[in-house]
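Okay, so chain A shows up in both of these, paired with chain B first and chain C after.
So, the complex of A and B:
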């Protein structure tokens, strides 16, 4: 038995000894360098094909790959459709401020348009339905999501008077979800992978939270909350802490959504570029393709999860701000940061 | 040149440390949630919500660290 194990382990090592040089492509460095250009333009959306392959040295090429990845992630005024060419968007400047329409702005418009069309269709069908009819197809799918947000997110976290905030929560959920999903479609760009977009969304949540707190407690109660209910001698410490605490919540919302959406794309692109950096088909087959597909599927899940978490945390903050229980609830909210 | 290289190294190590922290934290959350569900299957929905919120908050802190590392690496 021992002997068998020994033989097996030796066979294993032999396989490794064959595989490792193959993976590192010691046997045929020249293999496939001619066809690489077409592969690059096929799989990676943005660059002209030559740019990745040109660098002769490993380190130099790695930097090129990094540039390509950043180019793909960041915002710019070019909408590229690789095999067919690209659309340049106009540059608009008003009073020294650059307000030109960029890739992400276009994606935001596309998302808004899709949502308007989708929900007019669903709403129209709903109006036509009689009370005893069951919704089917698209209407049913949307109803499931809307009901999920209404009951499990809004009602569970805000409680009494959640209807006022339901419109915002539903809007932000579907908006973020569609932005995330369109980032995974070929030729699409992730608008939520832009920190300006997420900061804007978080700012809406911030103002809603503050207005909910003001409405629930009045201006006096709101200011009393800033003291944390402590002795006046501690106010020197408590007020700055509570004041900063007001702003950490929206900043956390911003960074979370932005970093999640950006990180996934960077990981997918890095996995694809490993095969170009190592110049190996075997790496492409063994590593790049399966792992990037896996991360892509993970991203699909993360798109839903992050939309849900953004909505959930917005609802939670609103609920905590408008809670009438007083300082126990409040401190729970602060302690969570 | 050497300083720049060390900066990259620092960013990489920092990202790794942030991931270790987040992994430990979320692992703890998930372990306790699984235990809670095993003991009280009827509270699954509540536990799941609490778990997701806690995991999201931990992840948020880790992502702060990651973003700082990315900024370091891009500097």
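So, the complex of A and C:
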């Protein structure tokens, strides 16, 4: 009973601690505005200039917020490390094509380097390990992920002959996951938040899916599949629909990953900028910081989730394309989703 | 409001960047090849090996279990057989003993009966002999007594008279 009272009193003090500054701040804003009004009405000569400056500043700040957010999300040739400075990235043009090294390219390389280092350690351990030894630490953690992709994603969705696609699925999972996670690190950028990157990855999935379909059914079966198994009179409708259907899957993959990664960052940055736009510490304490931490944690989850979903759907599409029996029912089931 | 507007209007979110596509493809393929060589190959091999090892261990355990069960069953059978054998032996022994006992008892009884019969016959014989002896003795005694009586009571006249009368009787009867 006493303990309960103690907790209640603590909660009460917390509510007070939050409410009091809020009320004071509202009062301050009100006071400020009345003061402003009075000064505007009072000394017209001096203050308007200040007001104009202030207004211009406000407008600039708001526009800046959008610019800054876009700057954070979009690709560019500068790798900035504020406040220490920035690194200008080289511009390369080959045969009229612009293949400059950009921020996202650098992030891709960072991801690649981390992956190669990480897995050379893990792979080395495996080379040394006999079948009787149990893995530990980092190796064990990586094994859990690899085993998850192998069994629950590849084997469960593709079934027979899943080993051929394992290399791609594992690489794409860890690649996307690390890209997602590095976007949450200070100075990092989300390469998977760029539609060009996700499009390229989805294109790999697309080609793998089509090759799996061709391998499973042959060219004749592949073309027959395009007719949807309908009467020849309906082919005029069915073939374009099925043809578009081929491309909807990778496009869905592309946009899902890109939009998820971009949206989370925009939300975090917007929440932070709210306090700058409103110029209030209270908003920062009450809203921006806790909410952006919450979204950040959510993003952490989403990073894993989207990497998993990208891999999972790639495996699912490959599995559907290479399914021999009853794949029409499966596809109908997927379509109804 | 303005912020979201700026983001939407920026348009560069969806702008194509051939350079980035190129670098993504190249980087990804290279990473895939390297990882396949340094990581996926060894890891998957090790995992499969371990899986096989575990499977074979399970199989072996099952086999051992089956074997031990078979041995246990065999043992039980043997035990049951041995039990039956022992039972049989005991039963047979008992039966034999019973038979032997019955035999011996029967023989003994027969023997005793024979002995009793022999004893009885011997007793009978002895009795007869004793009786004979007794009879002879009694006859002798009677003869002796009769001799004495006769000796004392015998009288010539009387004898003559008796013989005469008897002769008379004989002659009359014959007629």
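Everything that follows uses one rule, which is that the second predicted complex is superposed on the first by the 268 of 337 C-alpha atoms of A that agree within 3 Å, B and C clash if a C-alpha of one lies under 4 Å from a C-alpha of the other, contacts with A are read in each partner's own complex, and residues count from 1 in each chain.
Everything below uses one rule, namely that contacts are C-beta pairs under 8 Å (C-beta built on N, C-alpha and C of every residue); 3 or more make two chains touch, one makes a residue touch a chain.
As the structure is a computational prediction, the values presented were derived from the model and not from experiment.
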item	value
First (chain B), second (chain C), both or neither touched by A:309	first
First, second, both or neither for A:256, with chain B first and chain C second	first
Touching partner for A:127 - first (chain B), second (chain C), both, neither	second
Partner, of chain C and chain B, that touches more residues belonging to chain A	C
First (chain B), second (chain C), both or neither touched by A:242	neither
Contact set on chain B toward chain A in their complex	45, 49, 52-54, 56-57, 59-60, 63-64, 66-67
List of chain A residues in touch with chain B within their complex	152, 156, 252, 255-256, 259-260, 263, 305, 308-309, 312-313, 316, 336-337
Residues of chain C that touch chain A when the two form their complex	2-7, 10, 12-14, 16-25, 27-28, 30-32, 34-36, 38-47, 49-50, 52-53
Residues of chain A touching chain C in the complex	62-63, 65-67, 69-70, 73-75, 92, 97-102, 104-105, 108-109, 112, 115-116, 119-120, 122-124, 126-127, 129, 131-132, 142-143, 146-147, 150, 163, 166-168, 170-172, 174-175, 191, 194-197, 199-201, 203-204, 262, 266, 270, 273
